[in-house]
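In the two complexes that follow, chain A is the common piece, with chain B as its partner first and chain C second.
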Partner chain A sequence: MPEIKTNMTLDCKGLACPMPIVKTKKAIDQLEEGQVIEVQATDKGSLADIQGWAKNTGHHYLGTVEDGDVLRHYIRKSRPAEVKEEKKHPHCVSNEDLAKKLAANDKITVIDVREPAEYSFNRIPGSISIPLGELEDHVHELNPEDEIYVVCRTGNRSDMACRLLSEKGFNQVKNVEPGMSGWTGPLENAEK
Partner chain B sequence: MSTKVAIIASNAGLFDAYKVFNIATASAATDAEVAIFFTFEGLNLIHKQAHHQLPLPAGAEHFAEGFKNANIPSIPQLVEMAQELGVKIIACQMTMDVMNLKKEDFIEGIEVGGAVTFLDFAKDANVSLTF
Partner chain C sequence: MKAAPNLKIMNAKELTRIVLAKEELFILDVRNESDFNDWKIEGESVDIINIPYFNLLDGVDEALDQIPDGKKLLVVCAKEGSSKFVAEQIVEAGRTNVHYLEGGMKAWSEHLEPVEIGELKTGGSLYQFVRIGKGCLSYMVVSQGEAAVIDTLRMTDVFEQFAKEKGAVIKHTLDTHLHADHISGGRRLAEQTGATYWLPPKDATEVTFTYEKLEEGRDISVGSATIQIQPVYSPGHTIGSTSFIVDDQYLLTGDILFIESIGRPDLAGKAEDWVGDLRNTLYSRYAELSQDLMVLPAHFGKVTELGAGGRVMAKLSDLYQNNPGLNIQQEEEFRRTVTENLPPQPNAYQEIRQTNMGKITPSEDEQREMEVGPNRCAVHDK
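Entry: the complex of A and B
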């Protein structure tokens, strides 16, 4: 798997339970919302613990890469807005509709606006990675006449992206709901 | 609303101490609100001197090496971490009276209270544990 872009690396190698969790909590408090941390641990129990911790704190567990004895856990600090933000982009499609379009080989563009680390672990084959924060800088690479489907994890970041693209004159933009959290269609990751 | 974890610590072995403080720190790090009520022998877990030298159970002394090899933090380190994470430590007044102990005999930053002090916290706890 290629290098995964993170904002912070936390070394918990050699530490026993509950230290990896305690240190992860302290570290994530230092991060900005949306940023990604890599937690390196040798405690085998940390694999289940980190996932339980993320589920209970609301942060987003992206995945774990095993590197010899070291477990590299990736977690993204969640934004409160992901839960509360009101959806405003009027054009939405379901995951199933997008899957049908892809299966029919329709000429569409799928943009994934999640962070690169999320994209690395699972993504729709053929989707283009443009993190929400970088979308504005990449708008000129996209064609306003194309039929564009925007996807994220739960439909919130993609909603913001759809609104941004609409403002820039894209009128065939659709928000995919809920997005990768409910995606049952084909997947690929950086290893394949 | 966040998860509330209420713990009663009433034993003074090293194993007991790890059960209490591992669960407490892990819960607090997972954004739970945690209170521990220390009563009877459990008071040793927060006693200034005693909590530095808690005994292993009879016949289990050989595990001392295991703790070292597995790089397990010491009990005083875990206590400090628990306090840093906001774990509420309550010492049982009644037991202190019986054992003739003063608040000054314990680590800094504790509260002293009776059964109702704990019950008031525990009445709407999601998780209640006794060690």
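Entry: the complex of A and C
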């Protein structure tokens, strides 16, 4: 698996529960919204606990990589705006519609605007990774005439991306809803 | 962390005593929700709630609201650390009678409680070892300084120590079948004590070690008074499943027949193939045996199956009356019952089978991890 881009690394190796979660909580309080933390732990129980903790707090558990005895957990600090942002881009398609397009081999472009760490763990085969924050810098690489489907986890970041692309003169841009959180179609990840 | 002098420790033995005596106990289980839903401490007089410790990092008020004041409280987690962390805060909040479980669910899963089932006609006794946390049962036949252990669990020290206390040498270890829910201690106990390890040959086609074949007609004797262990071929849960009749009094059924349920035929991937065997064993073979035999299974599924002192036993004739698995008249309905809507399979059951065949040798910690959770060997376990 290629290096996963993170904003902070927390060493919890050798610590037994509850310490890995106690330390993760403290660390994530210091992160900016949207940033990703890597938590290294050797306690096997930390896997289910960190998933449960993330679910209950609303932070986004991305995945875990096993590296010998060390479990590397990746969590993204969620943005409150993510769930509240009003959706404005008028053109939306469902996950199912996108899956049909892909299955039919239609000539389309799928852009995944999640963080690289999220993209690493699961993504639609053939999708291109351009994190929302970097989209503006990469717009010139895209063709405004292409049929572009933008995907994120829940449809909010992709909505922002769609609006940005529309402003730049892209007129065949569609927001995929809900996105990866509800995606049941084919997946790939960097390990496979 | 401040010291909490009023925090008390409870060990698995004391918890077993409380559960069996049906004493009132309130348990706060602070493991994550999925582990709790998978498996938890049960008892007729036990009230239990689940609040993961990671929801209590900023304070225990949420828990205090739900814990009745003054009742004996036990805080439980996977290993111990988090329960102590939470219990200390509860004590600091002014509560009394607060305990945490020493060694957590790990210790609970491994605790064995020996109980005497009864005496043998020519002297000696039959003992049952109740693994109350996981629902597994082992047996020891002791007579005239010799012992045989049936369906030995992984904690072999307990059996060695018990035999020593009874002044007996372990001569035989027997497994009714190749287990899929727990790691057998039969082979290791035999190695440690110089005993002979017996397995049904049809379950042992892939094993990597030598063993003696359990075959019908091949009696095994324990003690000079010759307590015979008579194998009865009784396939269905596995193709080799073998029952034992001890001293013409006791029928050890393995995972074929339980007190309130029957064995599932799917754990070796052969549900459809073995349905007929299972039906034949339960409805014909066992029906031909003396109905006065006392049935002693290798598992229990619910705490309601625990009798006096924790004993799990019932007369064969009673089971033919009361066990729903023995009262399905139509073959087709029987087939559906034992192949459809089965409970989830036991944790790591394929790796456990591989371990019991000698194909893989996990470390102690890994073995412990593999055995986490309930046994789920019966059709009706949920």
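As a working rule, the second predicted complex is superposed on the first by the 192 of 192 C-alpha atoms of A that agree within 3 Å, B and C clash if a C-alpha of one lies under 4 Å from a C-alpha of the other, contacts with A are read in each partner's own complex, and residues count from 1 in each chain.
Convention: a residue touches a chain if its C-beta (ideal position, glycine included) is under 8 Å from a C-beta of that chain, and two chains touch if they have at least 3 such contacts.
This structure is a prediction, so every number in the text was calculated from the model and none was measured.
For the combined arrangement obtained by superposing on chain A, do chain B and chain C clash, or do they fit?
Overlaying the two complexes on chain A (C-alpha atoms) leaves chain C and chain B clashing.
Per the contact definition in the header, classify A:I128: touching chain B only (first), chain C only (second), both, or neither.
After superposition on chain A, A:I128 lies in contact with neither partner.
Name the contact category of A:C92: first (chain B only), second (chain C only), both, or neither.
After superposing on A, A:C92 lies clear of both chain B and chain C.
Report for A:K25: first if it touches chain B alone, second if chain C alone, otherwise both or neither.
Both partners, chain B and chain C.
For A:G45, using the defined touch cut-off, is the partner it touches chain B, chain C, both, or neither? Pick first, second, both or neither.
The answer is second: A:G45 touches chain C but not chain B.
Who does A:G14 touch here: chain B (first), chain C (second), both, or neither?
Once the two structures are laid over each other on A, A:G14 reaches chain B alone.
Figure out whether A:N56 sits in contact with chain B (first) or chain C (second), or with both, or with neither.
both
Mind checking 59-67, 113-121 or 131-139? I need the stretch of chain C that runs into chain B in the superposition.
59-67
Show which residues of chain A both chain B and chain C reach, each in its own complex.
In chain A, residues 16-19, 21-22, 25, 49, 52-53, 56 are touched by chain B and also by chain C.
Using the touch definition up top, name the residues of chain A that touch chain C in the complex.
Interface residues on chain A, with respect to chain C: 16-19, 21-22, 25, 44-45, 48-49, 51-53, 56.
Which positions of chain A touch chain B when the two form their complex?
14-19, 21-22, 24-26, 49, 52-53, 56-57
Which of the residues in chain B come into contact with chain A in the complex?
Within the complex, chain B touches chain A at residues 3, 22, 25-26, 29-32, 70-73, 81, 85.
Touching chain A in the complex: which residues of chain C?
32-35, 52-55, 57, 77-79, 81-82, 85, 369
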